[in-house]
Structures are given as structure tokens and as C-alpha cells.
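Next come two complexes built around chain A: one with chain B, the other with chain C.
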Partner chain A sequence: MGGLVNRQGGIVNIGLEPMMLVGAFTAVVVSAQSGNPFLGVLAATVAGALLGLLFSWSITRLGANEIVAGLGLNLLVLGFFGYLLPTAFKIEGTLLPAGLVGLPKVEIPLVNQIPGLGPILSGHDILTYLSWLSVPLVSVFLYRTPLGIELRATGANEEAARAAGVPTLRLRDFSTVVAGAFSGLAGAQLSLGVVTLFNKQMTGGRGFIALAAFYFGDARPALTALGAVIFGVFEAAGFRLGSSGVPSQLVQMLPYLVVVISLTLVAVRRELRVRERARAAAA
Partner chain B sequence: MTEDSRAAGAPNSGASASILAPPRVRIRGLTKRYGGILANDGVDLEIPRGGIHAIVGENGAGKTTLMRALYGLVEPDSGVIELDGVPVRIATPAQAIARGIGMVHQRFELVEQLSALENLALGDLPHRGLMFDRNAAVVRAREIAAQLGTTMDWDRLVAHLTVGARQRLEIMRLLYRDADILIFDEPTSVLTPQEADDLFGVLRRMAGQGKTIIFITHKLREVFAIAEQVTVMRRGRVVASLPTKGSDPQRLATLIVGEQFASPVRATTIPPGKPVLEVDRLSICDDLGNLTLRQASFSIHAGEIVGLAGIEGSGQRELVEALVGLRRPVTGTINLRGRPVVTASVWERRKRGVAYISEDRDAEGACLPASLAENIFSIERDNPTLARGGRLNLAAIARFARSILSRFDVRGGGPQSPARALSGGNLQRLVLGREMQRTPTLLIAAHPTRGVDVRGITFIHQQLAESRAGGAAMLLISEELGELIELSDRLLVIFEGRITANLAAGEATPERLGLLMTGAA
Partner chain C sequence: MTMSNRLRLSTILPAIALILVSCGGTTSGGTASSVSAATFGSKEPSFKPMCTPAAGKQFKVALIIAQGGLGDQSYNDLAYSGFQRAKTDFSVVGRVIQSADIVSQGQAIVQQAGQANFDLVIDLEFSTYDAVKAAAPSFPNTQWMTPNFTSLAANDTGYLFNEQDGSYLAGALAAQVTQDSKVPGITPSKVIGVIGGVKAVGIDKFLVGYAQGARDIDPSVKVLVNYSNGFGDPAKGKQLADAMFSQGANVVYQVAGGTGTGVIQAAQSANKYAIGVDSDQDAIAPGHVLTSMIKRTDFAVYDSINRLACGKLKGGETINLGLKEGAVGLSQMKFTRNAIPSKYLDKVADLQQKIIDGKIKVWNTITQGTPSWFTS
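This part shows the complex of A and B:
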């Protein structure tokens, strides 16, 4: 959802992955220090947002190319952890500080009684519920508030938006900060919700899958969420197949393969539509 | 935001509202220079409040520059702009809008992915709390639509609106921002005739409500259809400002093109040979998917120069691109010496004898960072004396380049100099030499003398005439009517994407062409 807001604001953010990673790390460290996982989540959000702001300034004010800046951020963050973990924490792979508290699972009463659906809908950490809630919230923001409308105008046609008096640079910064904050939350969910540790490989390309999801969904909230679910289902299917004797490398490829295939289909459909319009115009 | 607040900003307007009320807009001595070219040369213009005022002139006459100055997009070098008799400085479009001046550009400034309503209010969206107050916007939108006597599907995305509806939306945006001077830059160039009629209805209605409409156009028919007053510009100056009543298209056409010397009718010495280029019902879309050339059919014979006259943007560029192989037409056929080439690549067409002088010398005609020799070699890649088996014979290429430079008198650099070192005129000689030395069977020459000095023009004309004498078929596109009439054996006129006339050399006069090009005849 964060990347989607960013895309609507006109920036293709390939820095979602490192922003998630920073969020995951911050969450683990703050949670361990304070003993309160919610403080960890808050810190992860702020860290992601700050990184987003930095990233955005380099693009909107310093004129950096968004792809180059995004690549740089990826390499920088990976390198940073590669250096920091052995030197500061004296570990190679996984950070599991003493006193680390994960997020509690929340059972929704009644819902968890529903056979079949219960375990799917209930028993998650608060951030998972928040991510579900974010779909309608982002939708309302983008389509029902002046700020959201101006943001979409900026992303679709910056020149026209500026000519109409919309502060386009500030809006693009804002959208990147939102993307950073959401990525930070996503990272915290990984490191405090799914597992309770930090590893610099733990995001495993999810920031890029998110990118693929909003391309799949044409940056519309509901469709993008659908895309994310589809990719998630294939990832889960991969885990199941892994225990049934299919080579694990092939299985792990599955979600990414689905991403590539679905993006190709989306592109082909768009191209066909353009051609159809040209033909219609000539007739 | 209201009429009153602006009137208060211009106190004189109310005070002297008698017969001697100052004009709504007065421009005095406005001059704007771009490099060595005077786009506006001491322009004086008065436009009274209310009514429709047309500004006409050829391409590059300075109309658009003048209006851009009024709208704050161009900063004039000197001169004064007065609104209601009060001198004002308009440095940005925002300041122009604040003073009630709005402009509808040829290219609309709408966000396609937003709805009509969102576009209308963009930049000044009404809100209640954090939420967009859609109802308030709809009320305002309906008011404005009623004022214009039109309707709009406010929830539709702009991407799904017709061009005519988009233009109405642009107009309504200006009214939403309380503009009362509305500038239209060739508003009908993108419209169907029906949409144009609707637009005229809207303009008349606004004029009736006391708004001041300024209307830039090439089309004389439109001037007489809706304007009360017309100003004619030529070469950066106002040459006449007169009421449309009591004038006629003939007189305006003469004012627009100026007194051109009657060129002697050239005797066609060579009977035209076999057809080289045959174009049949060719339709082409531009990059935006708009149909810019409709069902064009014509042919060009060996030893014949066919001139193509038309206002810029009438479909010439797309036609040229399709002939050269840079753009795939939507429908229709192109035959070169009897063989279809519609799907052939640029290089295949070149190998069959097509040569091309591009109107965009710096981007398409030549590669500026590359050397002169490389520029020449770029279309000689199949010449076995210059390259064989994937290896360049650099010495031979340099020798070959030197021979072209001296034959076509290209000054300012040797074979190894970068093309950007050459002046425009010399660069054009280089391009011309490169194309001519292959003795083309079909030459597409788009604005071959644009930006070239007098000596160069004469030289280029000689070369084109020689090429014709050698049996080449040629399509010549130019905005210089004198050049077209002097060189062409036959003249086609293109208007709004259609070829509307096919004249023999003797039949074409500047006046007649002017009328045909502007759709007045």
C-alpha cells in the first residue's frame, strides 16, 4: 500500500525493500531495549519514514534518478548491515538480542470459532490487521480527500498539476514518507510478528514483490491487495510443495515466476488496448 | 474570488465607465527577441471589454508569443501591458489568473486519470474537514455548465472524454478560477467541425456575458464566423487591425502573406516520367492516437517536384514520417516504383532510392556529437568501398567525406570535426550533399531551407532543380509559399489532415494558396 501511494504520487520506489529491512532491524533493537514491542513498531515506522524522506529529497530536490537512488539505497542498507552486525553485535547471520519480545497474537472472539475461516481471519498480530485495514483507508485517502486527489494528479501529470497550483514537490515527498512508514511497519511485522529475530536476508525480496503487486493492480488499492494475496498464496504453496519431494529451488522460484508471468500479461493487455484504440480512431 | 474584488483591484475601470472607458487589454510597444529573431517587434494592440477578437497570421508571425506574454509565460524585453488602463506586470500564469486572464492551450493541461469534476477543481478543491467536498464542487460545476449552456459528465475520467468535451472542461476550469479574459490558441485545430460549431456557440455566449475572448487562428472562415474585430500579424508586427464587417477573406489573406512578388510561371521542360511514388488512401495517427492524416491519395512522377502547402500541424509531419518509414500508417498503401513499401524499414527504403531531408536538422537530419565523416557514412553503410566484412575503411570514409564537403561547399569543419561545430546553413549543406550524392529516385525534402541564409537558399534550390532534371521524384514541404510556387511542378494543399487541392504550377498564387491553406476556399 505504501509503494502504491508513492506510485500514485509519481515515484517508482524500488527502495521499499531496504526500508523494510531498516524497519525490521529498528523494531528488533527497540523492542529488545525497551521490552515493549509496540515501541519497537513505532520506532520502525519513524525509521522507515525518515529513510523515505531522505530518499525523496534526493529525487525531488537534488534531481537524482529514482531507480539509481533506489538501487543505491538497496546496496547501502545491505552493506550497512553486513558491516554493523559483525562489528557492533558480534554476529554473522541472525540477531536475537536478549529480552526481545514479539507482538502478541490477537484472537478475535467469535470469528475464531468459524470452521475453516477462523484460523485464516483470526490469530494474527495487530500489524496484520492494520495491513488489511490499510486497503480501504488508502482507497478513501486517494479518492475522497483533496490531498489524495492532488497526489494522483501529481503522479499522473505533474506539469498540469503544477499549472493548476498544486504543490507537487511536497506531495511527492509526502508520498515517499508514507511509503517509508508503511515499509517500516512491514519490516516490524516480519521481525516481531512472523518471527522474533532479525536477519539481513529476512525480507527476501518482499519489497520487490510489493512493487510487482501495485504494477499488477495498476496502483489501485483493491486490485493491488489482490495481487499481493495471489503472490502470497503461491509463496505458501511453495512451502507446502517443498515437503512433497519437488526440488526446493524450483519451489522457491514459484512466487517470483508468477510475478513475472502476471506482469507480462498485464503489459500485453495494455498494449492490445492501445492498438485497438488507434484502429477505432482510423475507422 | 468575485467580480467585485477584481474590479476593486483596478479602480479606474469603474471610475471612468463612460464612452471613454479604457480598453480591457492594451499592449504598447511589446518586443520579444529570441536569439537573433524578433518574435514580437513593437506590438501595439487594443482589445475592448466583451466580444470576440481574432488574431491571425502565418506560422512564426508572433501571435502565440504575444499571447504568452499576456499570460505570463513569456517575459517581454520591453513594452507595457495595461488592463483597464492600469499598467500591470504579469510574470507568471498564477499572476495572470489572479488578474482574471486565462488561456486554453493547444495541448490541454488536464490530468487524464482524474474525473472531469476533480480536474475542474484541481488546485482549489473544496473540502469539509479532511474530506473532499464533492457536493460543493458539483454545485459549482453545474452552475458553470449552465452559464455556458453545455453539459458535462462530471464523474467520467478525462481519458474517456472526447476532445471537444476536454476543451469545454478547460474553458470551465478558467471560469471556475473566475477568468474574464479568455485566450484561445488555435482552439479548433483539434476539433471536428461539429465540435467547432459547439465551441463557437460557447464563445458567443461568453462574449454576450461580457467576457473578453481572444482567439488565435489560421482559419479565415472562423474569423468571419465569430469575431467582430481581427488583428493581422506578420513577422512580429501588427500590420492591420480592422472590424470583420466590411472586410473579406481575400483581403485578409493578402494581409497575412504580404505583398509577394508574382513569380514567373516556370515552363515545365521535362515531361513527367513514370510514377515513382503512389500513395493510396493513407491514414495516419500521431503519437496520441489522433488521426492526423485522413485518406490521402496522390502520386509523384519521375522528374517532378510536388509541393505540399499547408499550415504547420495539418498532418505533414506524420505523412513524411510514414513515407520515410518512421511511422506505420493505420490504413492505406505506399508504393515505390510499383512495389509496396508500407512495411519496409527506413533502411530498406533508402536502399530502394529514398532520400530524406528532415525538418529537424539537429535531432533527425544529423547527429551533432558525431563527426562529419560519420554523419555521411551513416547512410553509406552498404558502400563496399567504405566498409567491408564489418570493418570500416577509415581512410576511404574520410576521403569520401572530403569530396562531399568540397562539392557542396560545406564550411566550418573537416571530416573529423563534430557536426555541432557547423552553422545551421552549413549543416544543411552537409545533409543535402549526403542525400544527393546517392542520386535518389525519391527525395522527401521537409523545409530544406529553414534557417538557411540567402546564399544557401539559392544553392539548395539549384541542387533540388538539378536533382529533378536528373529524373528524381520529389516531395517538397515548405512554409515559404514563394519557394513552393517557384520550384514545384504541381502543388498539393493539405488542410486538417486532408489533401484538399491539387494545382498545376500555373494555377497557384500566394493568395489562392493562402485561402486554401486556411480552409477559406
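This part shows the complex of A and C:
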């Protein structure tokens, strides 16, 4: 959802992955120091947002290419952890500090009794629920609030928006900060929700899957969420197929294959629509 | 996203040169935490000098630390503790060589170690073995030691561990425990699982041994096999293990490095069992790591220095270490021992003796390939 807001604001953010990683790390360190996982989540959000702001400034103020800056951020963050972990924490693999507390799982009364659906809908950490909630919230924000509409205008045509008096630079910064905050949350969910540890490879391409999801959904919240669910389903199916005799490399490729196929379909559909419109205009 | 992190790192940190620490005979500089690695049932490996070392002669020994570095609570720390032990028993001037990026710096480090006139260079980093193979003949006065690999040169001694034997015992224990509702957290089933880091013979050696141990206990036990295709993604390890638990497995063996920590955490949150690997991982989630398949790298390191000091390190040979030497085996199960019915442990001890006596031959994928009954 964060990347989506960013995209609507006109920035293709390939820095989601390192922002997640920073979030995951911050969450672990702060949670371990304070003994409170929620403080860890808060710190992860702030860290992601700050990184987003820096990233955005390099693009909006210094005129850096968003892809180059994004690639740079990927390399920078990985290199940073490659240096920090052995020097400051004397480890290179997994960071598992003493006193680290993970996020509690929340059971929703009644819902968890529904046969079949119960374990799917209930028993997650709070960030998972928050991610679901973010879909309608982001949708309302983008389409029903003045700020959201201005943001979309900025993304659609920055010069026209600026001419209309919209503070486009600040809006683009804002959208990247949102992307950073959401990525930080996603990282915290990985390092405090899914598992309770930090590892510099732990995001494992998930930030890029998010990128594919909002491309799939054409940067619209509901469709993007659908894309994310489809990828998730294929990933889970892959995990099960892998232990029933199908080569694991093949099945774990499934979500990525689905990304390629779906993006192709999206492009074909758009192309057809453009041609149709051209034909209608000509007629 | 497909670019390996190692590659990305090497583009970013080319200037971080090797760091040489711990010079001289003092014990300073090491950050290794103590790693407990006593094995179940079998005796401690014999950390005893083979001879009365001749007085006056000092040996210069280098230890090249592998990826993960000191403080990994696993492979490196274990090897380092064997190194320390040898330094107290023999007249050895030791030097630890650590690099921030051993993989890209490997060639230079090996070359420099060769030029430094050591009597023995122990190289823990697998990825530098091509460099060792190329460099060793140019330094005939230096003996080399390469654990987990066969001898690379006339002056290199390889050390191989029979991990398949220890894995066999892990599989035998898992296949018994998974069927017993009296063990806490077990929903009786004939399903166990194993997660490998990558599909390769070196990893399948563990997996096949585990499956064979389970088969010999009960052929109807199903062994779910999956690979994480990476050693650093604990979230994936957790998801893979969760999928196995939901398919009825009660015990999942991890052979996947950092990914495996996720497997252990999955066992903890599902109230099931994981089996650790390489070092004693029982304490990572007390009560939820059934046992750990331990590999005594410390003993291999000690043994090579022992041979050096006694003039028995010839080079050109490969030394096999297994259950008999106490160099592989199951952990002491400090946290789970009381929960496991003793007849299962007795059975495991019995199988261990049979392997030592040669009555059971455990499949070795390195020399024998993949058996037809093993599907992954």
C-alpha cells in the first residue's frame, strides 16, 4: 500500500525492500532494548519514514533518477548491515538479542470459531490486521480526501498540478514518507510478527513482490491487495507442493512467474484499450 | 532481486580489507562465545595429545575464519574453541585470520597465509578451497587443513564428518517421538519433515541419513522434504516449517543455516519440535528443539594440531570422523530429555552402537548418489 501511494504520487519506489530491512532491524533492536514490541513497531515506522524522506529528497530536490536512487538505497542498506552487524554486534548471520519480545497473536472472538475461515481470519499479529485495514483507508485517502486527489494529480501530471497551485514537491515527499512508514511496518511484521529475529537477508525479495503487486493492481488499492493475495496464495501453494515431490526451485518460482504473467496481461489489456480508443476517436 | 547479497556486498565493500586479529600466543582478540557441543550417548572426543611434544619446538598455526565470523555460536566458534584448546596443550603460536568479506578476499588471504611461513594453515572457509588447491603446492613447508572437504594437495589434510550417521539417529528419534501422544505437544502421526538449504549432495547427505533412520524405525513414516533455496531467510524457514506442521509433521529437522532459526521459532510457536544442526541449538527454544545433530569441528581442528605437534600430519590424506570418534552425534537434550520416553533414547543408543560396529551402513550421498527410495 505504501508503494502504491508513492506510485500515485509519481515515484516508482524500488527502495521498498531496504526500507523494510531497516524497519525489521529497528524493530528488533528497539523491542529488545525496551522489552516492548509495540515500541519496536513504532520505531520501525519512524525509521522507515525517515529513510523514505531522505530517499525522496534525493529525487525531488536533487533530481536523482528514482531507479538509480532506489538501486543505490538497496546497495547502501545491505552494505550498511554487512558492516554494522559484525562490527557493532559481533555477528554476521542472525541477530537474536536477549530480551527480544515478539508481537502477540490476537484472536478475534467468534470469528476464530468459523470453520475453515477461522484460522485464516483470526490469530494474527496486530500488523496483519492493520495491513488489511490499510486497503480501505488508503482507498478513501486517495479518492475521497483533497490531499489524496492533489497527490494523484501530482502523479498524473506534475507540471499541470504545480500550475494549479498544488505543492507537488512536498506531496511527492509525503508519498515517499508514507511508503517508507508502511515498509518499516512490513519489516517489523517480518522480524517481530512472523519470526522474532533479524537477518540481513530476511526480506528475501518481498519488497519487490510489493512493487509487482501495485503494478498488477494499476496502483489501485483493492486490485493491488488482490494481487498481493494471489502472490501469497501461490507462495503458500509452492511451500506445500515442494514437500510432495515437485522440485522446490520450480514451485518457489511460482509467485514470481505469476508476477511476470500478470504484468504481461496488464500491459496487453492496456494496449488493447488504447487502440480501441484510438479507433473510436478515428471513427 | 536475484542478485546474491554476497555479490552486492562485494560491490559495496571492496575496500574493507582483511582484518588480522589476535597475533602471538596470547588468547586476546577472540570474541567467540562458548559453544557447548557434548554429544548424546557417545563419549567426548578425545582431546588428548597423541605424544609428548618435543620441548623447545614452537609451531606457528593460522586459523582462517569462515563466513559468519567469530560469534556465530556455531561452526566458527566451535572451531575456534578447538584451536584454543590445542594452544593450551601444545607449544603453538596461533593467529586468527578474519576478513569482513572472506569470499571475495579469499584468494589474497590464502596467498598471504602461505607466504607467512606457517607450519599449519587451517582454512574453515569452503569457498576458498580452489585457492588453497592452487596455492598449497607453492608452499611445501606449510601444511594445510580443510574441514568438510577431501585432501586438496600433497600437503593438505582433509577432514570429513559422517553427518549422515548423526542425521540417521535424528531421524530414528523423530520417527518414534512423532507417534507418541505422551510426549508434550505431539499429535500422533506418521509424518516428520526436513528442510534443506539447497538441493545439493552435501546437504542431501543429512536429509537422506535422516530419512533412512526414520525408515528403519517404521517404513510407513512419511518424511516431508523441502528446500528453502537459501541460508538466510528465517521467515521462509518459518513458513516452510508451518506448512509441514499443518501437514501433520510433529518434528522438522533443519539443515539450512540462518533459515533454520525460523524453523526453530516455528516449532516453538506451533508447540511442536525442531531438530537443530551443526552446533547444540537446543537452547534457542528450550523444550522445542528435540535434539541437535552436532558436528565437532573443534575436534577436527584440535586433531590436526595434535598431529602436527606429534609429526603425524602427513598431508595428502582425508580423515573421516564419525560417531565412533564422538565427532558427530546427537546433543545431550538438556531441555527435552525428560519429556522423551527412555525406551526411545535407548533405541537411539542401540542404533548408534550398531553404526559404530558397522552393522548398519548409512547412505552417503557424496559417494553413493541419491538412493531410489528418497524423493524430494
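Going forward, the second predicted complex is superposed on the first by the 283 of 283 C-alpha atoms of A that agree within 3 Å, B and C clash if a C-alpha of one lies under 4 Å from a C-alpha of the other, contacts with A are read in each partner's own complex, and residues count from 1 in each chain.
Here is the rule we use: a contact is a pair of C-beta atoms (placed from the backbone, for glycine too) under 8 Å apart; a residue touches a chain by one contact, two chains touch by 3 or more.
Worth saying up front: this structure is predicted, and the values here are computed from it rather than measured.
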In the superposed model built on chain A, check whether chain B and chain C fit or clash. fit
Counting residues of chain A in contact, which comes out ahead: chain B or chain C? C
Should A:Gly165 be classified as contacting the first partner (chain B), the second (chain C), both, or neither? first
Report for A:Leu78: first if it touches chain B alone, second if chain C alone, otherwise both or neither. second
One more residue to check, A:Pro146. First (chain B), second (chain C), both or neither? first
May I ask you to decide whether A:Val274 touches chain B, chain C, both, or neither, giving the answer as first, second, both or neither? first
May I ask you to decide whether A:Asn157 touches chain B, chain C, both, or neither, giving the answer as first, second, both or neither? first
Between chain B and chain C, once the two complexes are placed on the common chain, what is the minimum CA to CA distance in Å? 32
Shared contact residues on chain A for chain B and chain C? none
Could you please specify the touching residues of chain A with respect to chain B in the complex? 144-150, 152-153, 156-157, 159-161, 163-166, 274, 277-279, 281-282
Mind listing the chain B positions that touch chain A in their complex? 93-94, 109-114, 118, 122-127, 130-132, 173, 283, 285, 289-291, 330-331
Which bits of chain A are touching chain C when the two form their complex? 17, 74-76, 78-79, 82-83, 86, 90-94, 96, 190, 194-197, 199-202, 204-205, 208, 235-236, 239-240, 242-245, 247-249, 252
Taking the complex as given, what residues does chain C use to touch chain A? 1, 5, 8-9, 11-13, 16, 31, 67-72, 74, 100-101, 193, 199, 224-227, 229-230, 232-240, 243-244, 247, 257-258, 261-262, 265, 284, 375-376
